[in-house]
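Written below as structure tokens is the structure these notes are about.
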Amino acid sequence: MRRTVIEVVGLHKSFGPNHVLRGLDLTVEKGAIQVIIGASGSGKSVLLKHIIGLLSPDAGRIYVDGEEITRMSPREIMRVRKKFGMVFQTSALFDSLTVAENVAFPLRVGDRQYGEEEIRRIVREKLALVHLEGVEHLMPAELSGGMKKRVALARAVAHDPEIVLYDEPTTGLDPITVESVNDLILETRDRLQVTSVVISHDMASALYIADDIAVLKEGRIIFRGTPEEIQRADHPYVRRFLHPRAARP
Amino acid sequence: MGDLGRGALRLVGTLGDIVLQVVADLGGMARMGARLLVLTIRPPYRLRNLLSAMEAIGFGSLSVVVLTAFFAGAVFSLQVSLAFSLFNAETLVGATIALSMARELAPVLTALMVTGRAGSAIATELGTMRVSEQIDALATMAVEPEHYLLVPRVWAGVLTLPLLTAIFNLVAILAASFVAITVENLSVAAFWARIPSWVDPKDVIGGLIKSAVFGLILSLAGCYKGYNATGGARGVGLATTQAVVLGSVLILVSDYLLTTVMLPWWRSS
Amino acid sequence: MSAIGTNVKVGFLLLAGIVAFIVIYNFVQDRQGGGRANEYWALFGDASGLSPRSDVRVAGVKVGEISAITLQGGRARVEIAVRSDVPVYPNAVLMKRRTSILGDALLELDPGFPEPRNGGDAPLPPGSQIRNVQEGISVEQILELLGDVTRDVRRITANLDRIIADESGSIQQILRSVEDLTGRLDRLVERSTDEIAVILENAEVISYNLRELTSGKNDDVEEILANAREITREARDALAGLRASLGEGEEGMGPTVARLSRTLEHLESIVRRIDRGEGALGRLISDEELGERVGAALEGVSNYVTRLDSLQTEISLRTEYLFRAESAKNYVTLRLIPSPDQFFLLQIVDDPLGFVRRESVLRSPPGEDEAAHQEIRTTTDILKFSVELAKRYSFLAIRFGLIESTGGFGFDLNFLDDRLTFTLDAFDFARPEASFPRIRTYTNLTVIPHFYLTVGLDDAFARARWDPVTGRFRMGRDFFVGAGLSFSDEDLKVLFGTISGGLP
């Protein structure tokens, strides 16, 4: 039995009258790739932000490595966050820093002291993983949307975190880059036993990389299973998600 | 009649809202200021961030401050020379200008110009970072955004405003003497002679202390409004405007309070 | 790189700001005669137009300025500071002069001249009053005064008329009251004489207050004498006038005039007696032995007072909490201030980091051929000492000497009447752990008298280091907050005064 790294229990969150999460439960095991799918606006990004402590729940508890982060002081949360890397849906690159400085940022602010030469090497390496070369000195404003996303990916894994949260890492990328991003996720898992939580609308990728898929609807996880189980499921909503009308013959 | 009454009520309601908003802003700023003070003590100390904030707030405002100082000194000199020559009091022109510059005009005008230029820039930059999730991204990297972004900006405001105000003082009095001597035909000696006996180092230093407080206010207002911005580009625009208005109003109000506090000190010898 | 650009720009801003400040500061600061000034004061009925820092001029040359204007008994007490190389004599005159119709005024000082006859040959001691004051009089005031004068003249002439018409009654009455008055004056002089004598008997016992007291009384005595003389002269003149106007040898005037001259003789004899040194008051003025005794007593007292006056002391206790060292650091400081522009600072420091002694020893480790120099660091918990000499220029004080048992120097910036100070110390230049000295900077804010709060940064430029073995903080950047108590020499004097006052 593998160890649980993330555990979400009875999570509720409202924004004004908008009750987004309604008693959500979720566990993620160490070294697993957990994919979360769900309709736009169903609360996937909100869930991710709860896991890393950017949002605090109205009710419910969240444990990371057995520690309850929902009851922590801001300083303790800072400590726990050092285990994480996160790719934002909007990329959220620091627009006053160059691409290289963005990727180097987690290295510079972390606990470990890196030498300048080492930092340059890691930056080049991580950018190569997402098929970006020679853009080190560009500013984020000079990049296309897909390039920004890839820089954000490189930044999220730069400091080799234990847990990586991906908010739609492949949206807006061409099929070849999608493939390499999927490889990146799989490879980091294999190499370093990294735990990944991936939000995706791209069912092909989801089925390809996932150890486990959770379907989020109306503020709850309505279905969980391996890719094989989900393909066999006869839950109407899940079926529609897997086989949208446009894709049917 | 009923319409009028309802209109009046609505006006009172709106006024109440505004007052409440100002009070809330004041409280929010005070809390943020206290928190930033605590964070200041906490390592790591990011000298680089402080320097680049000082560059943005201080060096960036240098040209506009010099320009404002030149014209403020020149216009003030014209008016005072004209008025005082009616009373045969030309010898007081230099002293009057120097004293009011040192105590009031230099700190206040510098602070207002920097609010317009740098306070708004702070609010815009932080607001953009907020709505584009850059602040969240910073937080996920185990960096306290307030510590990383706000502390250096606020200190940069406190540290650079006295420098800018000193420069304002010098430029303004030079411009004033230039105008008084060339345009109003005052003698060089008449302009400068009484300044040392009327203006004391205390006046200059008091003005600089004021300006440090103004620096705190304007950068804190920019940080507060920008950091708490919501609602996309429109929200950022709103935050910027509010930061400038809030900063300017608080600078003028605190100027009154600071002057009240400092007057006994200035008057004593 | 951009960081270098940033440094250059911020450096430029710093330089420009500081240069601007220094230029303005130097211009605004009064540069009159190097600073030393004597304080005097005078009472004005109307100080409008005068303000602190208004000029005081002698013959149109600025020699000082007004330092304060306060109220004293319904009149304006104007304190002035006059360059100490301008002697001011007791017969000096202070005049208020308006310089413009806007109301700006200045004081014109006639410093007077030595007047050996009246004992006024020595300059006025600093702190004394300039008694002769002339206020610029406005036209309205002149008119008003003229009106008063004419009214008085009219009343006098009317009275005179009545007197001449009915001389026997009223003149006698006047003379009787003059006699009464002189009698009372005599008694008054005698009585206060006794009091002074009693006071003087105690002169050697009472503390230095005496000097002030007696010097005040001396003035009074002189004044009484002068007044008495004046009265005599005036009365004589009046009598002569009266005689002339009434015509000499007229009937009925004989006894009256005789009485008047008797009175005057009486008065004159009082004055003569005092002058000759009869009676206690006279003795005080002319008795040499008594004078010497009093003088000696006063000298002793005044020596004591001036010594205390010129050397001010200040003791302060200070404790601060260092966040990384996680312990408190204590200071006991004695500041000796012989003059306002310099002070000596003696300090005992109890530092949690201890005193580091470094010794180089020659060792021959087993298994190696050559002896090697090895440095031994010993950290001892002994107290550290600071001995600093400081010079003060306006709000800036520069110190150098021994700081925490190593050589160093420092600056203090003092604001708000020294209630807010910024301090920077640089010391321990020779330590091998870092290529720069230990820089410590802190701010003191006096919140209530004698009590201040402090925050600061110690060893600002050194990386924090912990001892690998003990985990103890060894050196490097550290923050501290703390508080201090400070007792100035005024408090000490009060303490002293009560102690010596308790030993009659």
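Residue numbering begins at 1 within each chain, and the chains themselves are lettered A, B and C in the order written.
Going forward, a residue touches a chain if its C-beta (ideal position, glycine included) is under 8 Å from a C-beta of that chain, and two chains touch if they have at least 3 such contacts.
These numbers come from a predicted model, not from an experiment.
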item	value
From subunit B, the most remote chain by mean C-alpha position	A
Chain with minimal offset from the mean of all protein Cα atoms	B
Whole-Å gap separating subunit B and subunit C, where each centre is the average of the chain's CA atoms	39
CA centroid of subunit A to CA centroid of subunit C, Å	75
Subunit A and subunit B, separation of their C-alpha mean positions in angstrom	43
Residue ranges of subunit C touching subunit B (in the complex, touch as defined)	3, 6-7, 9-10, 12-14, 16-18, 20-21, 23-25, 27-31, 52-55, 62, 65-68, 99-102, 104, 323, 394-395, 415-417, 464, 477, 479
Of subunit B, residues touching subunit A in the complex	125, 128-129, 132-134, 136-144, 148
For the subunit B and subunit C complex, residues of the former touching the latter	41, 43, 45, 48, 51-52, 54-55, 58-59, 62, 84, 87-89, 91-92, 98, 102, 160, 162-164, 166-167, 169-171, 173, 195-201, 203-205, 208-209, 265, 267-269
In the complex, subunit A residues that touch subunit B	49, 52, 54, 74, 78-79, 81-82, 84-86, 88, 90, 92-96, 105-106, 109-110
